[in-house]
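You will see chain A twice below: alongside chain B first, and alongside chain C after that.
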Partner chain A sequence: METIVPLVLNALTLISIFMIVGLGLAIIFGLMNVINLAHGEFVTIGAFTLSFVQAMGGNYWMALLLAPFVGAAVGFALERLIVQHLYTRPMATILATWGVSLMIQQVLQIVFGSGPQQASGPIEGSVEFLGTSYPAYRLLLISFAAAIIAGVVFIFRKTRFGLDLRAVIQNRDMAEAQGINTRRVYTIAFCGAAAIAAIAGVLIAPLTKVIALMGASYLAPSFFVVIVGGAGSIAGVAAGSAVVGGLETVLNYQVPVTVSQAVVLVAAVVIVRFKPRGLIPA
Partner chain B sequence: MDGTGLSLGRGRNAALSNPWVLLTVGLVGIAAAYPSWTDAYSLSVIRDALIFALLALSLDYLWGKAGILSFGHAAFFGIGAYSMAIFGPKIDSANAALVGLLAGMGIAGAVALVIGYFLIFGGVRGAYLTIVTLAISLVAQHIAIGWSQVTGGDSGLIGAPPPGIEIFGFSYVMLDPVHQYYLILAVTAIALLAIWFACSGHYGRVLAAIQDNELRARTLGYNTSLHLLIVFVVSAMLAAVAGGLYDITSGYVAPDLIGLFMSTEIIVWVAVGGRGTLIGPIIGAFVVIRLQQEVSSVSYKLWPMFIGAFFVAMVFLFPNGLLPLLRRIPRIVASRLQRARKAE
Partner chain C sequence: MLKVSNLHAAYSTVPVLTGVDCELGKGEVLALLGRNGVGKTTFMKALIGLLRPTDGRVELDGNAIQGLPPHRIARLGMAYVPQGRGIFAKLSVRENLLVGTRAQRDGTGTIPDDVFSYFPILQERLGQAGGTLSGGEQQMLAIARALCGHPDVLLLDEPSEGIQPSIVQELGRIIGRISESSGTSVLLVEQNIDLALETSGRCLVMEKGRIVHEGAPDDLRDEAVLSKYLAI
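And then the complex of A and B:
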């Protein structure tokens, strides 16, 4: 029991991070067939928002409120200026968003310097939980992630916009014929994905080194999540996160981090061989 | 297909009248004569550029000819370089470099075979495949940094065997930098010729058909997955050769040779030269590396910014690359002249 509970909680932390980062990626990939290689930079932008707000004398909660708006604004610019013109050219989208990703990294490095930024969580210390002591902030992160997922599920299932979104994912032309403004749906979904990734950045920042290049280390795992789980459905993202995050956490107890990453890559590749459309396709 | 360059559908007879062939012969001639009037430093700069040109060529075979965009080629390059630096110095024979090279090719080929088999035969294509290659680069760099007992961690490894051969009592070790330069020029030229020759006939058309419409090519009876897998593995092994040569001549390897940014630069070389043209990416590597030295001498932070802007500009302005754009200029001028003549 003493080892199981922290293991499960560590796995849940990683799964939560992968889920909220991968969620936006999966939605825009399932919806628009767009692979956004600048998605990791939305996480970076969220993390930098936190350190900037704290450096200006603000607190964690202000940053958590501000970050989604910063993320959505950058997402809006990216969608309108670049991605929107490339919907029919997936390879071109990959190259263009990768270019944007490099540019955002460099701008952040030039403005804030290449050293790690300061960022701290709202609560410190550990709490007693199921007989073991666990860092309180990680529990907060898990519950926030759960709340975000619940919010997205609610929007997906219970709102008018969610209905439009599901219709566009299923069949874009038919949705358009029904009078849904697909272009508007795309833009809102893209901004929403960016906003969620920015919130993820704020949540992750106190646990990691906040540098301009941090996005890349979240980009690849979240793509694994999407590929393994299946694009375009929240259940797919959950399944993918559980497999990738769970496997990586368990392996990290047994083998060095580098080996566990290689094993996760191989596992993802093998799963794709037998489930090309993901564990839970849309 | 865009029809640029050493391309399909022209047949071998047209080869001599093809401007790209004349260009290639001219460039190889200049490169061969280059050591006679230059100093040792400039020669080492060109030598490194030639190695990167070979690397660009390996990606062009995969991306230009088979349509698979890979963000993982730096990983295969790194596997080649690290294999040379790890295995080479352990062997006390003139064959050390050869063993290091074969080890690199073997490991890179095996990695590409395993990953490629599961993905390509699993039906993964296009953007998905690209994402996984991106992950290969990330994982490879993590291993290069993290497994420091073997790879030297952040500082990398120093030391490499000189190229040489020992067979039936005959032994030759190549120590002269000018000879090493010729060796690299020869390897690059042979690789270029081999890929061009292979792709100029039936085989090239099969690959073009797969790129164009894989379902139709499969219906016509071609094992498209096998074709793509072979290209993937050969291309990875060629990248490993470039990596091995890099370690032989420069004498060190470091993790930044294997990372995601390096992969990005390879894509830029191919994109500038025009993918699928084979000679284009080689010229692209030279042009971009020269440009990189100029830009980095102003500020090293500007270069990634420059690359980022390049990608965005390329997608909108010159999706087929910069050099094919230049090649169209004479045709545009000619048609303008013709129109002017008609107007008279």
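And then the complex of A and C:
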């Protein structure tokens, strides 16, 4: 019992992080077939929002409220200025978003320097949980991630916009012919994905080193998650996160980190070999 | 209701429509016939805006609509049921119909009752995923979804394709009822000559991207005319 509970909670922490980062990626990839290599930078932008707000004397909660708006604003600019003009050219989108990703990294380095930024969570210390002592902030992160997922599921399933989005994911031309302004749906979805990634950045920041290049370390596992789970469905993201995050955490207890990451990659390849469209395709 | 003049359209540089002229009156059912590959489906795509016409003019109820994005054309009163039906397989029947209401001009977003009077079976299937319906039911769903936007003009591309004969006859009767009771104009593309001739009040024949013959359905029952244009 003493080892199982922290193991499960560690796995849940990693799964939560992968889910909220992967969610936006899955929506953009599944919806628009856009491989957004700048997605990791929205996480970075969220983390820097926390550092900046705290450096200005604000607190964690202000940053958590502000970050989605900052992320959505940058996402809006990226979608309207660049991505929207390249929807029919997937290769060009990959290059363009990669370029934007480098630009954001460099601008952040020029403005804030290349050293790690200060960022701290709203609560410190550990709490007793199911017989073990566990960092309180990680429990908070898991609950926030669960709330965000629940919110996104609600929007997907129960709102007018969610129905439009699901229709567009299945067949853009027919959705357009039914009277849905699919270009507007794209823009809103892109901004939403960026906002969620920025919130993820705030949640992650107190647990990690906040530097301009941090986005890359979340981008790669998130792509695993989306490809293993299946692009364009929330259930797919959940399945992919559970497999990738769960496996990685469990293996980290047994073998060195590099080996566990290699094993996860092999597992991902095997899964995709047998389920080419992911575990739960859209 | 719909007036098309000198419509041209192309796939990249290959011209498909080379000057289509036609008119569709209010409440009229107009059949468009022709061999495979003469441009019938392309014509429909150009009308709804999924393919941008390269030249010509399309007027819907007096408004020029050529070059507008499809969602604007849909909201101006044109509905499109594509070949292969184009239903959203993973959305429920109710959700498919709700998506159809996005084209409504009053924007209430409620599914009109009359679609269930045309297709009562859909009422029983509301919660079922569209993809689990039979081919005939999917076609009914596609037409019902189009009607949810209260269209003035309904474009039907091969509604009989892949559907059992008894249901094809029923579809023909329903298309007639729709145009009579709601005044919706219907442009019907059909390979099933019997269905086209029985349902429509007037027929056009397309060849190489333009209209080459116009006449009453009875003219086309004549074997000589049929074989000239349709090689049957």
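In this text, the second predicted complex is superposed on the first by the 282 of 282 C-alpha atoms of A that agree within 3 Å, B and C clash if a C-alpha of one lies under 4 Å from a C-alpha of the other, contacts with A are read in each partner's own complex, and residues count from 1 in each chain.
Keep this in mind: contacts are C-beta pairs under 8 Å (C-beta built on N, C-alpha and C of every residue); 3 or more make two chains touch, one makes a residue touch a chain.
It should be emphasised that the depicted structure is a prediction, and the values quoted were computed from it without experimental measurement.
Chemist: After superposition on the shared chain, which partner residues are touched by A:180: those of chain B (first), chain C (second), both, or neither?
Modeler: The second partner, chain C, only.
Chemist: One more residue to check, A:216. First (chain B), second (chain C), both or neither?
Modeler: In the superposed model, A:216 contacts chain B only, not chain C.
Chemist: Of the two partners chain B and chain C, which one touches more residues belonging to chain A?
Modeler: Partner with more touched residues of chain A: B.
Chemist: On the A-aligned overlay, A:143 touches which partner chain: chain B = first, chain C = second, or both, or neither?
Modeler: neither
Chemist: With the two complexes superposed on chain A, say which partner A:126 touches: chain B (first), chain C (second), both, or neither.
Modeler: neither
Chemist: Touch test for A:96: chain B only (first), chain C only (second), both, or neither?
Modeler: In the superposition, A:96 touches chain B alone.
Chemist: Touch check for A:160: first (chain B), second (chain C), both, or neither?
Modeler: second
Chemist: Which partner does A:118 contact after superposing on A: first (chain B), second (chain C), both, neither?
Modeler: So A:118 meets neither chain B nor chain C here.
Chemist: Contact residues on chain A for chain B in the complex?
Modeler: Within the complex, chain A touches chain B at residues 35, 37, 82, 85-86, 89-96, 98-103, 105-107, 109-110, 216-217, 219-220, 223-224, 227, 256-258, 261-262, 265-266, 268-270, 272-274, 276.
Chemist: Flag every residue of chain C that touches chain A in the complex, lowest number first.
Modeler: Contact set of chain C toward chain A: 48-50, 69-71, 74-75, 79-80, 82, 86-91, 95, 98-100, 102-104, 109, 145, 149.
Chemist: Which chain A residues qualify as touching chain C in the complex?
Modeler: So the residues of chain A in touch with chain C come to 160, 163-164, 166-167, 170-171, 173-183, 282.
Chemist: Once bound in the complex, which stretches of chain B touch chain A?
Modeler: Going by the criterion above, the answer is residues 69, 114-115, 117-119, 121-124, 126-128, 130-132, 134-136, 138-139, 142-143, 145-147, 260, 264, 267, 271, 301, 304-305, 307-312, 314-316, 319.
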